[in-house]
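Both complexes below contain chain A, partnered by chain B and then by chain C.
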Partner chain A sequence: MRNYILKRILKSFVSIFAVVSIIIVMIYTMIPSEKVFDNDAGAKKMKGDQLTTYKLKKLEELGYHDYVSKIDMCTATFGDGAQSCIDGDEAKLKEASDAYAASGYEILTLKSGEPYALHTYKWYELIARFYKRLLVIDNKNAIQDPEDPDMERKYYWGKNPENGSPALLCQGCTYKYQMWFDGSFPFIHQNKFKLDFGTSFPTNSGIPTMQVITDGQGSTKKINQTFDTGLNEESALIQTSCQYKVQVDHLDAKRFTDKYANCRSYHESPSMVNTSYILGLIALVIAYVMGLPLGMAMAAHKDKLLDKIGIAYINLLIAVPSLAFIFFMRSIGTLFNLPDKFPQLGFNDIRSYIMPVLILALLQTPSLMMWLRRYMIDQSNADYVKFARAKGLSQNEIFRKHILRNAIIPIVNGIPASIILCISGALITESAFAVPGMGKMLPDAIKQTNNNMVITLVFIFTSLSILSVLIGDLLMTVVDPRISLTAKGGE
Partner chain B sequence: MSETNKNIILSVKDLEVKFKVRDRVLTAIRHISMDFEEGKVVAIVGESGSGKSVFTKTFTGMLEVNGEVTNGEIWFEGQDLAKIKKDSDWEKIRGKKIATVFQDPMTSLNPVKKIGDQISEVIIKHQGKSKAEAKKMAIEMMGKVGIKDPDLRYDEYPFMYSGGMRQRIVIAIALACRPKILICDEPTTALDVTIQAQIIRLIKDLSEEYGFTTIYITHDLGVVANVADIVAVMYAGQIIEYGKVDEIFYDSKHPYTWGLLSSLPQLGEKGEDLFAIRGTPPSLFEEVKGDAFAPRSNYAMKIDYVEEPPFFKVTDTHYAKTWLLDPRAPKVEPPAAVKELHERMLALTSKGGIYSER
Partner chain C sequence: MSELNKDDLFTIDLSDDSESEHIAAPQYSYWRSVFRKFFSSKLAIFMMILSGIVILLAIFQPMISGYDPNVTPNINRPEMKYIRPNATYWFGTDDVGNSLFDAVWKGTATSLFVSFMATAITTVLGVAVGMWWGFSKRVDTVMIEVYNIVSNIPATLIAMILVYAIGGGVWQIIFALSVTSWVSTAYFIRVQVMIIRDREYNLASRCLGTPTWKIITHNILPYLISVIMTSVSRDVPSFISYEVFLSFIGVGLGQQYASLGRMIQQYSPYMTSTPYLFWIPVAISALISVSLYIVGQTLADASDPRTHMI
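Moving on, here comes the complex of A and B:
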């Protein structure tokens, strides 16, 4: 069993690696890099060499290529004696560009005649660079501050300022709070390991993609908190998220005794991930609470009126395009004074959630009902059911104790996936209600050529899908004693 | 057929069962009357489709949804089972008073429920015992049917058991509530030969210990010869011959019984062509006129096509439904194979034969 799980995890990593690598190569080599600037307001204001260098720099930032300007070429080649090269010494500049050309760079010139070196990454370099950057492990030598070269570097125990529980702190790391506890999922939080997918561009330019997805939305929310200096004030800063800041201003000094003052903020509204998750999870629970008993009842009353009504309902919901269904339900919602757009009443009003959740739940019920009914009817023809009847069990007991146990097995397999993949949001429903969730993130990112965001989302969705399949399989061993997971297939 | 001085546990009178099959009506059981004596082992034999299973299913109300008892009575403990319509009433009979063992032990048990729970479930249901008591009784029962270390195996699942062991568990479940009647619907057909004998032995031993009446439905005349007290031969929804096992084997009167016995592969001799009854059974969708076997019989007379024969008494315990026993009928001799049956059977069941007890 343990070997099996280890093997599965290993295989999972290979799968994630393969999918993400393919996506990276596709994005960087098959989509013209020019498209990155289609939605970039900054690029629209520039022209000529300014635009060219802007693009070269931006693309370098995004990981397309390595761009070396004339000044950098000279500095790298001649060190302190680079000034004459920069100033236009033909011979020296030639020497510098030849050195770059020899190491695989292409020497190009701007319109002004100024040369620069460019190395466009090959597909394997792209993949290597992505994975090299991906996992960031914070350590106590992470911060090299020229103003404070001899800072004391250490890990120490302190308190979580939010609730006073113990927290692992660090001096010299990027993040001050390395590990802490609180009441929100997943209860143990850490800043030690971070995934770095680069920054978002052109939307949310410069903000790490992970932060775009997980940061709260809307205006910042101030809560009453006490800072290191003893200052007690209404502030939006999340102290556990604070990063080292080289230039501390007087406002920071008022709050912090150290230079960890670069903090994220509390927001009024949940992040995109959380928004989708809240909606999805509630809808999922409703779908299962409705779908499973209905499916069971249909199987129990096969060919009776209830079953026929159920089948009509299933057929209707499957036959009607979900978009039509969503808009139909939305207009019904407006009859009951429910908003037709989520932001009308916002996050803090329960009425905003009713219709999206209801629609998401209803859309999931037909397949749940259909499959459970079908599995149960399949099972009810089994010999063990005949024998259970011969044992003198009532129809009800046979259904509950025998048939359901067997019919639920394939359903259970899908539950972890349904729960985990709520994160990915529901594209159509969220769009129809303008819910600021994850659903439209991927299509939007693709439309805007927000490469890092696309890669981030692909990575997350792939990992979660694979994880949910694994959990689903593990869950099967719990509900079905015949299934045991072994690395070699049978012991 | 009935004898007043015997202890009759189940009495079937003029039973008729009809099935609705795609807007047509099939008469599966055509007016059977039969008494089952307490403590006896009754074997019901006949070819596929003769109605053996359907007949016994009426005792526990286990007919398929399209089937219905359209006539007759089934008297058991002062109650007419043919009148029971509600499942909740059947639950007081099924498993508790009349238990059934099915053909295929591999699929008779719920694959995802613990063996022990499947046994104690019946005890809790029918005897109202607590969980702990039921478990104790179930373990005891598992020991009775020959499961070693029953307390350890209580928590195992069916897939951990072999076919023979599963059938033992099925028997344990069937007998857990000390039923009055055990119906064994081809209990050994799906098992290999060595296990068959063990299971047959087990049922026989337990029936002696608990004193229940056993009804076997089987194709296996070896089983019949070994364990049955009484044999009923069924053809086209009717019992056509009925008697003690010796009477049926060595002094059968009905041409169909002769055919059935002659066509036993176990009794065939090397080099001889195996006998086969020609033709096919009549369609039960239409009303059968006269003797149902007449079109296939080598001994058919004119009357056989006109009027259904009544039961003729051969001895006090032996009856046959054929016009050949009418005093006006010509004397006919059964085929040679049937006459030699005694010797052949003896060879088979004596030491070293296929049906000798292993």
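Moving on, here comes the complex of A and C:
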């Protein structure tokens, strides 16, 4: 069993690797890089060589190519004696550009005649660069500050400024707080391992994509907290998120005794991840609370009126395009004075949530009802049911204690997998209601040509779905010990 | 003793051997039973007529009207815009003064074309590969890994990213929709093939030296008709739904194509001011997929020989 799980996890990684790699190569090679600037306000203000160099630098930042300007070329080739090359020594410049041309660079010239070297990454380089950057492990030698070269580097125990519980701190790392505990999910938090997907562009320009989707939204929220220096004030800074800052200003010095002063902020509204998560989870619970009893009732009254109505409902929901269904439900919602767009009333009003959650839940019910009904009807012809009936058990007892317990097993397998449905359902629902969550973020990022964001979301969605299928299979073996995932069947 | 006439002793009875082969049983023809079963459902007949009308309108109406979303002759005539549905303009006119009736049927034609093509590719490829997959162990070891990768990832996600990368044309959308979905169909067929392949009649057939190809085409494929029909009847509406969804979120068909999804997206802000612009495409998209789904489901039920018993 352990071997099987290890194998499955390994295969999951291979799946994620395959899908994400294909998508990276497709996005970087098939979409013209010019499209990145279609929605960039900065590029619209520039023209000529300024625009060309801006684009070259930006695309280098986004990982399309390696751009080496004339100055960099000269410096890299001649070191300290580069000045004459930069100033226009033809022979030296030729030598420098030849060196770059020899190592696979293309030598191009700007309109002003200034040469530069450009190396567009091949597909395998794109993949290698992505995975090389992906996992960032914070260590105590991470910070090399020229102003403080002899910094003492150590891990030590301190306490979480929010609640006083113990926390693992570090001096010399990028993040001061390496590990801490608090009351919010998942209770143990860490800054040691981070995923780096690059920065978002052109929307939220320059901010890492992970930060865009995990940071709170809306205006900052100030809460009363005590800083290292003993200063007690209303501040929005999240102390556990503080990173090393080379240039500390006097405001930082008032709060912090060290140079870890680059902190993220508390926000009024939950982050994109949390928004999707809240909606999805509530919807999932509602779907099961509604779908399971209905499916059971349909199986119990097979071929009666209730069953027929249920089948009509299932067929209707499968056949009607989800978009049409969502808009229909939304207009019903407006009859009850519920908003047709999430931001109208915002996060703090319960009415904003009712329709999106209800629609997400309803979209999940038909498959749930259909399968539970199917499994229960199949089970009700089994020998053990006939035996139970012969023993004189009541119909109700047979149904609840015998049939349901066997029929629920495949449903249990599907619980984690319905997270997948949640995601794809959330894509449409969140777009229709303009809910600021991850589901809406993906189409938005695609429309804005925000490639790093697209890759980030694909990575997250893919990993989530693969993980949920794995957990579903494992959960099934827990619920029903007869099931073995490792047994070999068939030929 | 008088000589007996040979003819008096025996009469030669030339009986027809083929008559002894005849078994008294009611006449059975597979396809006739399928149609009898199908036409016994009034709802299915109604839906078939409805989807027939929709398909014919989608094919011929754009030919007559010659509608093209890029041609906007009335764009500078405010009196032509936002005309409510009336006798001349059955579905009213849109924001550039074109008849919505023309636009809707052109859009329907696109949606239907995308959905039928994607279903055809998915089914043909899925059945062909699924058959092979069910028979060959070597194919199984490779394909099961491919299936594990593909089935774990939401199809919507793959379709979105593909359309984003390869651009939003009709054929690109068809490619994006069918590139992963055929694997699920193939897997579905593989399981069915594995169930049927080792039944006694197939073992007997193999013992008698029937080649595998003939076993597939004569013994197994006819068995799978109802299974394939079920999968087709699910695929058609789901592909319409996908196309509408992709165009709605703006990664589907581009501006130059008429599409129901794009219309829904374009007119969703008009929901309160000119509701017909928004609700007509929504209603048509729902109408097509519901009618096709019910026709497909009934046909799938009817093509299952087990339902033919009277």
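As a convention for this text, the second predicted complex is superposed on the first by the 475 of 491 C-alpha atoms of A that agree within 3 Å, B and C clash if a C-alpha of one lies under 4 Å from a C-alpha of the other, contacts with A are read in each partner's own complex, and residues count from 1 in each chain.
The definition used in the following text is that a contact is a pair of C-beta atoms (placed from the backbone, for glycine too) under 8 Å apart; a residue touches a chain by one contact, two chains touch by 3 or more.
Note that the coordinates shown come from a computational prediction; the quantities given were computed from them, not determined experimentally.
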Exercise. Sharing chain A, do chain B and chain C clash or fit in the superposition?
Worked result: fit
For this session: Based on the superposed arrangement, let me know which partner A:V469 touches: chain B (first), chain C (second), both, or neither?
Result: second
Exercise. Touch check for A:K94: first (chain B), second (chain C), both, or neither?
Worked result: neither
For this session: Could you look at A:K159 and tell me whether it touches chain B, chain C, both or neither (first, second, both, neither)?
Result: neither
For this session: Could you look at A:F387 and tell me whether it touches chain B, chain C, both or neither (first, second, both, neither)?
Result: first
For this session: Kindly classify A:Q395 by the partners it touches after superposition: chain B alone (first), chain C alone (second), both, or neither?
Result: first
Exercise. Should A:I409 be classified as contacting the first partner (chain B), the second (chain C), both, or neither?
Worked result: first
Exercise. More residues of chain A are touched by which partner: chain B or chain C?
Worked result: C
For this session: Determine how wide the angle is at the CA centre of chain A between the CA centres of chain C and chain B, giving a multiple of 10 degrees.
Result: 50
Exercise. Which of the two partners, first being chain B and second being chain C, lies in contact with A:K341: first, second, both, or neither?
Worked result: neither
For this session: Once the structures are superposed on A, label A:M30 by its partner contacts, choosing first (chain B), second (chain C), both or neither.
Result: second
Problem set entry | Overlay on chain A, chain C to chain B nearest C-alpha distance, Å | 7
Seminar exercise, completed: Shared chain A footprint, chain B vs chain C, residue numbers none
Problem set entry | Sites on chain A touched by chain B in the complex | 382-384, 386-395, 397, 401-402, 405-406, 409, 479-482
Problem set entry | Complex contacts: residues of chain C adjacent to chain A | 137, 145, 148-149, 151-157, 160-162, 164-166, 194, 234, 237, 240-241, 244-245, 248-251, 261, 264, 268, 271, 278, 282-283, 285-286, 289-290, 292-294, 297
Exercise. Which part of chain A faces chain C closely enough to touch in the complex?
Worked result: 11-12, 14-15, 18-19, 23, 26-27, 30-31, 315-316, 318-325, 327-328, 331, 340, 420, 423-424, 427-428, 431-432, 442-443, 446-447, 454, 458, 461-462, 465-466, 469, 490-491
Exercise. What residues on chain B touch chain A, complex-wise?
Worked result: 60, 62, 87-88, 90-96, 99-100, 102, 104, 107-113, 121-122, 125-126, 157, 159, 170, 173-174, 177
